[in-house]
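Starting off with a structure, shown below.
Here the chain labels run A, B, C and D in written order, and each chain numbers its own residues starting at 1.
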Amino acid sequence: MKSETVQISGHLMDSGILSRVLDDIREYGGDYVIERFDVGHDAGDPSYAQIVVSAEDDEALQRLLMRLQTRGVNQVDPGEAEVSVAEHDGVFPDGFYSSTNLETEVRLDGRWIQVQNPEMDCGLIVDDAGVHTLPMADVRAGMKVVCGASGIRVEVPKSTREEGGFGFMDSDVSSEKPQGVLVRQVADGMRAAKEAGQKVLWVGGPGVVHTGAAPAMVELVKAGYVDVLFAGNALATHDIESALYGTSLGIDLAMGQGVEHGHEHHIRAINTIRKAGSISAAVDQGVLTGGIMHALVTTGKRFVLVGSVRDDGPLPDVYTDVIDGQRAMRAELTDVGFCLMVATMLHSVATGNILPASIPLVCVDINPATVTKLADRGSSQARGIVTDVGLFLEQLAGELVPDYRRR
Amino acid sequence: MKSETVQISGHLMDSGILSRVLDDIREYGGDYVIERFDVGHDAGDPSYAQIVVSAEDDEALQRLLMRLQTRGVNQVDPGEAEVSVAEHDGVFPDGFYSSTNLETEVRLDGRWIQVQNPEMDCGLIVDDAGVHTLPMADVRAGMKVVCGASGIRVEVPKSTREEGGFGFMDSDVSSEKPQGVLVRQVADGMRAAKEAGQKVLWVGGPGVVHTGAAPAMVELVKAGYVDVLFAGNALATHDIESALYGTSLGIDLAMGQGVEHGHEHHIRAINTIRKAGSISAAVDQGVLTGGIMHALVTTGKRFVLVGSVRDDGPLPDVYTDVIDGQRAMRAELTDVGFCLMVATMLHSVATGNILPASIPLVCVDINPATVTKLADRGSSQARGIVTDVGLFLEQLAGELVPDYRRR
Amino acid sequence: MKSETVQISGHLMDSGILSRVLDDIREYGGDYVIERFDVGHDAGDPSYAQIVVSAEDDEALQRLLMRLQTRGVNQVDPGEAEVSVAEHDGVFPDGFYSSTNLETEVRLDGRWIQVQNPEMDCGLIVDDAGVHTLPMADVRAGMKVVCGASGIRVEVPKSTREEGGFGFMDSDVSSEKPQGVLVRQVADGMRAAKEAGQKVLWVGGPGVVHTGAAPAMVELVKAGYVDVLFAGNALATHDIESALYGTSLGIDLAMGQGVEHGHEHHIRAINTIRKAGSISAAVDQGVLTGGIMHALVTTGKRFVLVGSVRDDGPLPDVYTDVIDGQRAMRAELTDVGFCLMVATMLHSVATGNILPASIPLVCVDINPATVTKLADRGSSQARGIVTDVGLFLEQLAGELVPDYRRR
Amino acid sequence: MKSETVQISGHLMDSGILSRVLDDIREYGGDYVIERFDVGHDAGDPSYAQIVVSAEDDEALQRLLMRLQTRGVNQVDPGEAEVSVAEHDGVFPDGFYSSTNLETEVRLDGRWIQVQNPEMDCGLIVDDAGVHTLPMADVRAGMKVVCGASGIRVEVPKSTREEGGFGFMDSDVSSEKPQGVLVRQVADGMRAAKEAGQKVLWVGGPGVVHTGAAPAMVELVKAGYVDVLFAGNALATHDIESALYGTSLGIDLAMGQGVEHGHEHHIRAINTIRKAGSISAAVDQGVLTGGIMHALVTTGKRFVLVGSVRDDGPLPDVYTDVIDGQRAMRAELTDVGFCLMVATMLHSVATGNILPASIPLVCVDINPATVTKLADRGSSQARGIVTDVGLFLEQLAGELVPDYRRR
């Protein structure tokens, strides 16, 4: 048996974090002894725990220690980080440290160096500029990669209770919640990000258009509350189809009469934009004159559209290579201070994968499974709202856009 | 093989009704020959079909003919109704005619007599006052009951296309629909009922309170758009708990902070009302001063609360005998001109069971299964809206209550 | 501010129980100081915590203390129980102790007395025979009722980790789990109950019949693994309809051809049993010759059918008064050692309300919401399996009934 | 107004197809006169309808006519197909004919030419070899593309009622169905395809592994009932992770103990295969020794893995460009005679998009939305089974693999 002493501090009691740490140890086949436990006496005090964890061999112990770091558990005596050289393009050395989305520091030559761009499931690359995360696909032979759990420490974001940051309802996913309060809290979060000079990132699915919420989102774009949009071919196409033909996958939005599968309109809308060359070119040529994509182009906002295997067309702006698409998404994360995910499972999970845990994240969907899946995949900061997307965005515009309701 | 000639007229082509008729025949093990089919040439014209249906014996044929009547199919030569006498309390004679919720006439002694109170799955009782529906539990030995399918004709409500009545979105259940249009259509339906001097019936579940929609519903009660409420112990208790303690099953509505299972508050709220004697007495005594039930009492509106096996308490106003409860619900159906069902499967299905097909019916729930189940059980006029109940009621109040949004 | 010192012991760290206790204190508006915390050093050791809780007045403190008892938290110095006399039938005294479903003791005249029939949300009645739970509807003027939280202590069931009892998968509700293992665990739980001379309680919905699982359940009845069945009118009617006409709400089970809404068969099946007088009489008269209800009657097993407001008929055996129905269900709980809930939300929650927390409870449904709701309502021992009910029961029969698969 | 006479024949009455045709006309803003309607007198006879459809201008009429062809409605006098030349790579000419997934013929120079590879939402390309479908992304400047609806006729697959082909339950999606019958019908469909010398195509999601169904699927691969697998990075990675570490996203399959998010195992499994070079290389090197992917490699079966934006890694075999992935999937469709989709929305819709309507298609998922979405997108032949994937595959193996249950 190999063992190591680890420590964790913070609101261990009320956050349930210690239970999860001990669960992890058991699940990884390890064992533990709690050496020291200083409990915060008053409700506001932090606690501190020191635990000896053990596993049957060093490899298992290292994997367990890496696992515990996703909970904010660090080694008492972390030592120095171990670095190996990648031998093949796109392949990490065996035993590579798999990163968390938490604030992370690496000790090299006795100095603690802050890791840039914390992201889940990446490697930590050491070069002259310091230490940064890199996804597996981008590693190149010869790069220096951190291996094992030594010489690394992470910091869990302080909970909102402690610091009065983005306050938000309890994390349980529920469709039975007072929605008006939730709408106001999201509006407050967006305003706070803008006031801090940060960007608001939206991740959206086609439901935004189907539910008739596009006009509300257009107003939110114009009011400056959408700095970047991550989406797929579907949201953009349905929005453009709606602008060109007044339909969205067969829903006649003006009349409220259902039109099932408007194949022709869908595929023709894509063809029209392909002919123009790009969404932006279609706006310039006067072909596209309304909708969400039009609003993003005319206000100079950013969007990243990443394709999927079920796409028709796709639109010329869509990244058909998903790894290229991930890179384009990463490039837009700088200065993001708030993230809202609306009506999309695929792109929400994709964004959750690359987003640092320090960025407030709210996920809105009528389907509880989307919200649950996001939290299950490690985006522990995710807060879920199970509600109707159309009514939610209309109410959000009512909160954020002056005079929205009189229009 | 026994056979009979039946007929049906109307918009057979565009309503898909003929397909369903032929499906029924097959499903009941029968056969058919279409003798005559006059198709409406233009889009607005009705069609007419005359069909010979056959089954292996008279009993099977009679059951098939009764089944077809739920689709509006009548016998060309209906003959006279056959009447048998019930031998036992609570038991119909064998071969009793199981009623539909459609407008129905019965031929007795050569005269067509209109059936009062059309309701599904009842018997048709003949007495000096005419013919009326009666549920199985209420039949008494000696009553005269219509048997077999002879001498009966039904009339399917005209579709909205034909008569410009309560226009509404296509019946498909979908969460991907422009909700603003739907809210306005429900508001129009309620206004039309009130203008025609009819009552608006609400059927509600506890989600109305959990989603924070109670204030909106209170305003709708005060504005006169809630004449009758059918609900269970849960809606009333959570509403009263919220008025007494500011919580609803543990949701602190004002702060938006979740409080799981407030058992004490729940059971104490019930005890408090039991002590007062009734909800109305609690209002009179100044014990209950707010919420939906308070608004109903102070505006003199009606409510019927029917219990279920999972109830705590229950409140003193709750019918603990479900058959008594059904009777109380039936007694409130007179002059109802519009029905809105919100966030309840149990009471929605119960109301659908007793409601004539001629009354417009809209069902709002975040769970598509509730809406589907309602239509599956025979409430073919049901229109479903899959959305967030809280935001929906807030928008509905915005449409119907002057100055609602400025409050 | 009023305060009281409470204590809790057990596996506080790995069960997350302490977090929930502190959450409760905050949610009830109280405050706390942790006076003492002895942590179990090794993975198998229990921990002990002593906490001073405070609230703004004695009433709030008493309510908070009662709340904490649902978590197994007792007062260090519980004192004597306070007893008041009920003044009205069906109404508890103000400040009554609202019971948990945990093992509970009450101190009267210095002696600890075990509470009989632990059940949630009841009062504790003191009489010459001792102390027992009583639902609100059954209390009578003059009875002595325990009030406040003093003089009461509860005991949380030991987790399976500690005692090697009914081992079962983690409580998270998930449709993504290896089902074969789960089936075997349920089979083991049933066998263990039978070997201990205890009864197996089933709670079932109509989905048991719709999914074609009735033959499997019949075999399980015959093999002795169904001692009591709690259900509603629907399960029994669909089962009987299936036996009489070979259909279940329009599903032709033999051919796998869907038949929507077989109204006639449904209502006629009920009428047939009403004519016979009861299900058992229909079996005796040779009217009912197969199905689940037939198997229960012929093997002398018990069933309690409790009605709901959406019922047709109902069958003569159905309790139409839900409070009478609850009483009948309670009367069958003696010696129950395992409970399986299948495909019903309403009756599962109703059973969860009256079942002691010490009885292992597994809930099987294709809808995750049913399982979640059960746990949310306080049945903390509930283990959920989200799966297809038909295939599950077929596999369960394969495990428990010798030669089942060769039939 | 422009008008055109169209015709349709078949079981118009019982399939509801005529209702949908008339709905389409209205939804596209057109009008109609039914000129002739010959109804099949007996239950087995086909009907025939001739309809004059009109729209406000020729462009609208052409779009409407193309729409009607998706229902099997052809022009009485189709004339000659019109062909235009594509001017840009990846862009169809305006007014291009958007293809259906039905059997299609095009009239050129007076001859009817069969379209190869019917697929939805493609263009029809005319070259020396005849006429074939081509997705938008693959069109090149200079290619000849069919435009407008003239000169085209389609044929709807005969329903199973008419020809006794792959018989299957009614298409309604329902979780309340006798599953044993359904399992047998799928087994029969697979056997029939194999006996006809055709391939069985599987489309799978990671739920296949999570539900513990991998061993059953491995046996089905070995028994020859899986010729091609379409999947994403997730199914293959979880299968490989399970083979390498005995876990799948944290589920310990052998013990049935849940392990949430096994990040390290997940990302390490991918790294291991990337190091080997490919899945097949990992099998050859003895690195990968079990699981579904191993079974496919060792039995020489085909698989196409197409990535998505949420992927980690991905595995070296995964197409990261989704359009390349679609091409690879299309290339495997030759001789496919049966398609089973299991536990995946994304890849099921993607496969539905490219699959001819003539291939029987069954979709199995615990989530009804997956099945509904598939049918909504135009895969009208799709039959849905809402059930537990793990138990379903185990039962399917029990039907198809000799002695499976004794293992």
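A few comments on the model shown:
Quick note on the criterion: a residue touches a chain if its C-beta (ideal position, glycine included) is under 8 Å from a C-beta of that chain, and two chains touch if they have at least 3 such contacts.
Owing to the predicted nature of the structure, the values given are computational and were not obtained by experimental measurement.
Across the two interfaces under comparison, B-C and A-C, the one joined by more C-beta contacts turns out to be B-C.
Summarising the inter-chain layout, the chain whose CA centre lies farthest from the centre of subunit B is A.
With centres set at the average Cα position, the gap from subunit B to subunit C is 32 Å.
With each centre defined as the average position of its C-alpha atoms, the distance from subunit A to subunit C rounds to 40 Å.
In subunit B, the residues that reach two or more other chains under the touch definition are 257, 260, 367.
Looking at the complex, you find that subunit C touches subunit D at residues 169-170, 172, 174-182, 185, 207, 210-212, 251, 253, 255-258, 366-367, 386-388, 390-392, 394-395, 405. Residues of subunit B that touch subunit D in their complex: 13-16, 18-20, 22-23, 25-26, 31-35, 37, 39-43. Interface residues of subunit B facing subunit C in the complex, by the touch rule stated above, are 27, 63, 66-67, 70, 88, 90-92, 94, 96, 98, 120-121, 136-137, 232, 250, 252, 257, 259-261, 263-264, 266-268, 270-271, 274-275, 306-314, 316, 320-326, 329, 346-347, 349-350, 353, 367, 369, 376-378.
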